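The same chain A turns up in both complexes below, where it pairs with chain B and then with chain C.
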Partner chain A sequence: MAQSVLLISRQAPWAGIAAAEALDIALAAGAFDLPLSMLFMDDGVFQLLAQQQPQILEQKDLSANLQALPMFGIEQLYVAQQCLSERGLADSSLAIEAERLDDLQIQQLIRQFDHVITL
Partner chain B sequence: MTTLHILNSSPANTAQLKSCLRVLSVGDGIVLTGEAVQALRAGSAAVQKLSACEHAYRLYALQEDVQARAIDTAEMPVTLLDYPAFVALCVEYARVNSWT
Partner chain C sequence: MKFVINVLSASTAPSTRRALRFAQALLASGHEIVRVFFYQDGVLTASNNIVVAQDQQDIAQQWQAFITEHQLDAVVCIAAALRRGVLDQAEAQRYQRDAVNLAEGYQLSGLGQLHDGLQQADRLISFGGE
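Let's turn to the complex of A and B:
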């Protein structure tokens, strides 16, 4: 039985390579049928923002990779509700469907996994 | 089914400690390493945050990082670790969450 992994992505897509690397981990895990779920929290929630134009900063557009997650079998996507609220994104429509969790639900989520990777 | 959270950055510079405390389950452990040990400095904002929910977790810190920064932990409910103790602690918990 494969070990389950929760991947917590905490960095904005424009702030270095952590966000891109987290997505690479998720897609690789999906390609090998590993049970992986992803949680976006802190500035990581900015990855879900629609209508970004990272090419202006000569950066790669991560939204294509995000859209690919369900195709790779990564369907459990979560986002920290309070982190959205703190950043003025509480009512924003997101670029990809993710279940909004409060802090208590995140505590329970972490306990369900064999491993946690935070990037 | 508890988690050991390993922190490594200054609580004054990043949201690591704040976010960790937010998603911590009762019985989890926190290990302060590197600049994260600044959270033990008496009178700091971080130490108040830590104290506010100290019933919920067990607190550890790497002894060499504490000593190097001249932090007095006599009044803090913290267990100081050397590296062998750190390794032993990691296998005690069901999972390790290494915050970056």
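Let's turn to the complex of A and C:
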């Protein structure tokens, strides 16, 4: 059986290319039919917000790529509830469906995977 | 145990020096390195155009010597490398650039090589940040 990967994405979408490069790891796993789940933490939670205007910062819109994840077979997306709350986003609607996890649930999630990549 | 080493920062970052020392310790302890994968700013380590002052350690050169000596599978993410100006002969020709600066011992390839390495490895150890 294929080894599973949890990809933890921690960078804001406007913080350079890091978020896009994290996403590329997920899309590559999908292309090879490998089991990968994503967890958005810290400033990475900003990637999930609706109605972003990246063009004002001359940045590329990541949302379309994120929304393509299920088409690549990456269907399990998680977000850290605490990180949303710390940024005043606890009640914000997310453009991309992700299961909200508390810290204990995140501990349990990380244990389920063979490998963890944090970017 | 089988390891994949993931290098995410430039050769000037202490984490890239630590990655090298960790990799050296792995081999010294009888472990196997399936692959060293260079991603994000880690691709800059594979440039052979790095010049370091005499009183400083040349970590990029040390990485290259280590890879060559042990014939390690050292893969540099091609997309990340191109956007940071690390090119091999084929890519320099394709994009009509003068410089070919991928050091000997490294190969440019896709992110699939990271996943392929993980499928063979017991442990992935990533080195990033400072």
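Following the convention adopted for this analysis, the second predicted complex is superposed on the first by the 119 of 119 C-alpha atoms of A that agree within 3 Å, B and C clash if a C-alpha of one lies under 4 Å from a C-alpha of the other, contacts with A are read in each partner's own complex, and residues count from 1 in each chain.
Here is the rule we use: a contact is a pair of C-beta atoms (placed from the backbone, for glycine too) under 8 Å apart; a residue touches a chain by one contact, two chains touch by 3 or more.
Just so you know, these numbers come straight off a predicted model, no measurement behind them.
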Touching partner for A:Ala29 - first (chain B), second (chain C), both, neither: second
Chain B versus chain C as contact partner of A:Ala2, first or second or both or neither: second
Touching partner for A:Ala18 - first (chain B), second (chain C), both, neither: both
First, second, both or neither for A:Leu119, with chain B first and chain C second: both
Which superposed partner A:Arg10 touches (first chain B, second chain C, both, neither): first
Partner chain(s) touched by A:Gln107 [first = chain B, second = chain C, both, neither]: first
Which of chain B and chain C A:Met41 touches, first, second, both or neither: first
Touched partner set for A:Met71, first chain B, second chain C, both or neither: neither
Residues of chain A contacting chain B in one complex and chain C in the other: 18, 114-119
Footprint of chain B on chain A - complex, ascending: 8, 10, 18, 41-42, 82, 103, 106-108, 110-111, 113-119
Residues on chain B engaged by chain A in the complex (per definition of touch): 1, 3, 15, 19, 22-25, 95-100
Chain A partner contacts - residues on chain C that touch it in the complex: 6, 8, 39-40, 79-80, 83, 110-112, 114-116, 118-119, 121, 123-124, 126, 128
Chain C-facing residues of chain A, complex: 2-3, 5, 17-18, 21, 24-25, 28-29, 31-32, 34, 114-119
